[in-house]
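Here the chain labels run A, B, C and D in written order, and each chain numbers its own residues starting at 1.
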Amino acid sequence: MNSFLPEVAMVTIAALAPILAAALGGLATEYVGVLNIALEGLIMAGGFAYVAVGGTWGPAAGMVAAITVPAVLALAQDGFARKARADAFVVGLAMNMLIPGAASVMSELIFGTKGVVALSALASGTLAPGAVHVPVVGPVLFSQRWSDILALLASAVVALGLALTPFGLRLRAAGMKPESVELAGLSPGRLRDGAYALSGAACGVAGMAMAAAIGAWVPNLSAGRGWIALVAIYLGRKRLKGTFLASLSFAALLALATLAQAVPSLPAGLLGAVPYLVTAVAVILGSAARGQYARKIKA
Amino acid sequence: MKRIVFLALAVAGLWSCGGTGGSPAKPASVAVFVPGVASGSPIYEMLVSGAARAVEERPGTEFKVIEGGYDQSGWLDALKAIAASGEFDLIVTSNPALPELCVKVAAEYPEVRFFVADAYMDGQRAIHTVLYNQLEQGYLVGYLAGALSVHKGSNRAGLIAAQRYPTLDRLIQPGFEAGLLAADPGMKLEYREIGNWYDANRAAELAASLYNDDVEVILAVAGGAGQGVIAAAGSAGASVVWLDGAGYQLGPDVVVGCATLAQDRLVYERVSALLDGKDLWGVADIVGATDGYVGFDRDGPAYKALPESLRAEMDTVMAKLAEGKPAFTLDSF
Amino acid sequence: MDALALVGIHKSFPDTGTVALSGADLRVARGEIHALVGENGAGKSTLARIACGMLAPDRGGIEVRGSAVAFRSRRDAERAGIGLVPQYSMLAEGLTVAQNISLGHEPRRLGLFYDSRRAEYEAAMLAQRYGFSVPADAVVAALGPSQRREAEILRAMARGADILVLDEPTSILDESETRTLFDLLRRLRAAGAAIVYISHRAREILDLADRVTVLRDGVALTTLAAGQLDECGLAELIAPTGACASGRDGASAPGQPVLQFLGAEAGPLGPVDLVVRSGEIVGVAAFAGNAMDTLEDLSAGVRLPDRGTVAAFGLSMDRLRRRGHRIAYIPTDREGRGMSLRSSLRDNVLAGRLSGYSPVEYAARKTPHADALALAKSMDVQGHMAAPAEALSGGNRQRLVLARELDKRPELVVVANPSQGLDPAARSKALGAIRKARDQGAAVLVLSQDPDDIRDLADRAFVLYRGKLKPIDSEEAGGLSALLTGART
Amino acid sequence: MNELCALPPPPQSRAWEALRRLALSSGLALVLVFMVSVLVSDEPLKAFRAFSLGPLNSARALATLLEAAAPLMLSATGALVAFKAGHFTLGGEGQVYAGAFMAALAGAWCPEGSFGLLAAVMAGVLGGTLVAAPAAAGKRWAGADVLLVTFLLSQAALHVVDWAISGPFRDAGNNLIAMDPIPQASLLPRLVHNLPLTPVPLVAGLVSVGVWIFLSRTRCGTMLALYGRNSRFAALQNFPVRSFEWAPIIFAGAMHGLAGAALSLGSNGTAVRGISGGLGWNAIGAALVAGGEPLAVVPAAVLFSWLDSGARQAAIFTELPPDAAMIIKALVIMAATAKPAYTRLKALLGGRKRT
């Protein structure tokens, strides 16, 4: 039992890496005031690009592809939505259909299979395998995969970019009032493009982390991480700190639900629902508490 | 508006000249319905190749492979569309869940016949099924898992499944447990569930937590998500057992054993028989290790790297199973 | 040589099917304050946006300091030294004043990170230079309208613009703030800046401008020296209606108390005691800061007082809305509270009288549609019934809200800044409609930052200063101004 | 002076606009199908014919097409009402699944016959409503974010129903992961002998007409649309905003539940694991492709199921991979929502007007 907490921490960090990267990417488009529903598809695009390119030219090239391909896709997605004045939400939904379909066709072309493509060269090693036996810190920190660490670092970069750079400031301004950036001589459309590209790149890193974790491309690789990332953004009230905390707590809930399967009397199928139910109840109660507080101020 | 009229005319033209294009009387035509995607799934690849071989030997027989995709809820509509096309006399498929769907389709299209491998349903005149004795399959990998665990000093083995389904509950898991106990009566089974067939990362998390908890061998019954178990075994230096031959390719270093089904042989034999007019309709057979349809693949690098004594033990178990010892007789399913 | 010359500008908006400008000219010299006037929808704002590079003209040329330019973006115009103070706020509400001012030219640390300290310092220095009180580190959302306007002016000045376009800058400023602004503009003029000043207020224009260009139906009608004009003549030029003479008519016949404040306190608003009776117009001349907004919120029942009561028809405001009393509310925040921008003009007009139709009558669409047309016409709202209200210009939006709200045959009218965005003719029509409501027995509360509104409308008047109400003699407009400014010193 | 206001109102111009865009995107779909057929198949004409006409070439195929489109019409209409009210519900998938589950439960337990059918339909509606209810209540009493709560509840419902169908409520005698079969007499009746046509398409059509009447011809519908675009304004106009906060969410839940019931009570004959099969997501797509026009939901749903069914037909007759169909579907959906300028409105206005 004394290994329980480190284990929760370890699984949480592994679960957090892709969710956080995707959530912060999605936050970039929320900053400019659009919901990028295509996070799920973009993660898949990143994972597939990593395996498809990495399979031929090695993991480093795969990583570059994992970042650029989804970024370009997201850019195209936004470009189409803006130029054709299409509903950004519908275009995002369509991206979520398009990407798995295209990945499957390309997988058949490149690897001759629509199924699992396992390439052990692309599997991520752990940070310092020898240090696992260091108490507490060992398993929590040193047994993490470098791909996850990389995704967390990328998340930090995105977070810094959003919080501390002029670019982040401009995104926020564009989201609050597009005319404010227009008056400042900037193009709200270009800023939106930038936000989309950033969200694509961040999702690509998330996909890379997921593919590297298992050393393979698996159809439907993202398996709902993009949606969880969206939940984290909204749970975090579209703020940076909030999104981080929400991602972290959701990852912890998922880790707990995973580890709770060790208790034989709990039905494994139902445990999957728990993180969502808990969060839904928390959201409603949280809103109610805020409402009460606001009423008190008024009365 | 003009455009629409033009389009309508063009479409109508295509339609009318297409109507005369049907081929003249054909002896038989076979559709292979893959409930999933064939490439990457050995059991379905064998389904296709077995049926193809049977058809090739009978010139004039039409043959077509149709993939139904992973979404179980779409299979019924796909099957109906195949039957409704009127192009096919025999639909060949493989999956324990398919007979129920075939019954529904057969009620509407009585002229179509079905052969379902890896499934069991008797008494339906339109359907022939053959079930593998997967108790034996589970037993083989269970025994290996048990013996290897004991060898490595662990008394627990894992089973990570995508979700609960009847074949798992009634055949694979009991067989696996029987194998574990046969190897060592003190063995215990840890069951974990992913919730779907594709979330490989969650599978990896589940597997990692088992391996961290002194489990040495895990059986993965999880489709694409099984890749996660292989990855986790790789980083934990532990082992995986698999239910069909593909495991060795997916994880040459960690997949120590694969129990196999002779799906291509079975499909070839039965489709040939059916095309030759043998009346197997309504019959449900069960085949297993005694007739060679369930076996164990010795050709894995990780298996060959196991200690000689373990492999010798496995040879004995396989030989005995082929003689029907222990007897996992199934009269029905 | 003109500092800025716009020659033969054409501009139409295919989306909404409107032609805003058809060959408009404007020439502004160095060291001049040049007023641009015209009725609502004459194309003033469009011309301003074109001058600032925010819109590209369909045809026509722009010259800056004698050389022809083609602005591909706002940035080009900014480089040419043209600053804009827009009619509607273009500040990002959630950012600080300094962030808004520095947007697009952010000071950086290490070439990468936003240097917020330096941005705040620069903004504060800028504010000090122009004698503005707006704090550089405050979030815009927390500011009152006049401080927002200050921030807006600072942003236009921050890039060292010497051609400045101000689009109705005083519409939400009080007298003393207006005076501060005018001082600033005069100083800029003395320094050689060219200033385009867009406004409706004849008196302001005569007070401030050197020359006046009148825009009508998208063409420049004439350009005159301001000295040649008087108030009435200017109004006549803007819209030849003969309705120049404003002033009060009708008489109040106060009856039952309708709206009552009893020691009401909320946020910056001190204890307020006020009774508005049926058949009278009570005017409150507004003052800078949040108290004005708070008073509006309390009067409209949007917010409840922290202490004390606000009641209408003897009912606390939170219960009132369920009782079906006829209340007209014309808010300052027209787009946020007064209309649904993306809904059709028809639905916006009819919103106030939906419950008056029987289901069958409404489903048949004939009567409601005729009503909507008549109502829009009654206030000269110009626009297509099926088009979204977004397509309406500011003045049309104001008229739409006035038409709908006053059509309710209200028992209580709460109106804030009734003449915002209206040209003199439309204004006098609007004020007439408010008076008519009074004459039909409504209790009317007018809150306005424009002392003229109070002077022209109010039977009894108050001034709101530091959250408190002080009664004034509304008959003396001069007295009002004096009180407003006097109260500040 | 004011001749613009004197023009008659354009007759449902938005609906026509939506229909026109749908027609154009159907044309685009045909072009894309043709291109893919030429690229991929060695019998391009056959592939094209199978894809485009396969779903339409017999009464039976047409009936199947309509039948498949009907649940989508129902759920998309529900989603559309919620969107009109400004509530972005992302919870359709779980609501459909819960509806299918509850309908199968009631259908199998209640006495067979039309009472059983009725009970099953009601149970389905209840199922969808129950999943939506906490979101509606959370919005009404706590102001909780609708998008977030509906999605979370939907995910939870998906897990719970998955567990229920493959665990305690599974039909033990069945190898399909499904619940006990609903007796034949409690299933949806067929309108025409030998055609798979149930009353569901009719009901779905009526629902969308009803919603159209509600939104465009009733006072309450007008108020709802105004509320959806500016809730603050609606409150100040004294509209019944309190009900608008929850009722549209409940309605969407009910419609998704009804769609789920139609799935269970149709050809499936019970609730199968994964029966919702993306219906909730497609509903959002169809509602948005319909441009917020309830009447356009019907053709939008038919377009969606035509693409699905055409892909299936093409896969049967030719080598066209199912993934190609998915890609085509995605591209058509994108195109369907594109707005190539408001040329129509411009023409209507006759061009001259000043702002």
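Going forward, contacts are C-beta pairs under 8 Å (C-beta built on N, C-alpha and C of every residue); 3 or more make two chains touch, one makes a residue touch a chain.
The structure presented is a predicted model; accordingly, all values stated were derived computationally and were not measured.
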item	value
Given subunit B and subunit C, the chains that contact each of them	A, D
Farthest-lying chain, centroid of Cα atoms versus that of subunit D	C
Between the pairs C-D and B-D, the one where more C-beta pairs touch	C-D
Whole-Å separation of chain centres (CA-atom averages), subunit A against subunit C	44
Length of the line joining the C-alpha centres of subunit B and subunit D, rounded to whole Å	35
Geometric centre distance via CA averages, subunit D-subunit A, whole Å	29
Junction residues of subunit D - those touching two or more other chains	159, 162, 166-167, 321, 341
Multi-chain contact sites of subunit B, meaning residues that touch two or more partners	163-164, 195
Two or more partner chains touched - positions in subunit A	108, 114, 224, 269, 272
Touching pairs among all chains present in the structure	A-B, A-C, A-D, B-D, C-D
Subunit A contact footprint on subunit B (complex, rising order)	37, 39-41, 70, 163-164, 190-193, 195-196, 198-202, 204-206, 208-209, 212-213, 224-225, 227-228, 230-231, 234-235, 249-253
Subunit B contact footprint on subunit A (complex, rising order)	3, 7, 11, 14-15, 18, 108, 112-116, 118, 120, 123, 125-126, 129, 139, 145, 210, 213-216, 218-221, 223-225, 255, 258-259, 261-262, 264, 268-269, 272
Residue ranges of subunit D touching subunit B (in the complex, touch as defined)	23, 27, 30, 45-46, 48-49, 52-53, 57, 60-61, 64, 68, 159, 162, 166-167, 174-178, 196, 267-269, 272-278, 309, 312-313, 315-317, 321-322
Residue numbers on subunit B that touch subunit D, as the complex places them	3-4, 7, 11, 14-15, 18, 21, 31, 64, 66-67, 69, 71-74, 76-78, 80-82, 84-85, 87, 96-97, 99-101, 104, 108, 119-121, 163-167, 195, 333
Contact set on subunit C toward subunit A in their complex	52-54, 73-75, 77-78, 84, 86, 89-95, 99-100, 103-106, 108, 112-114, 155, 303-304, 306
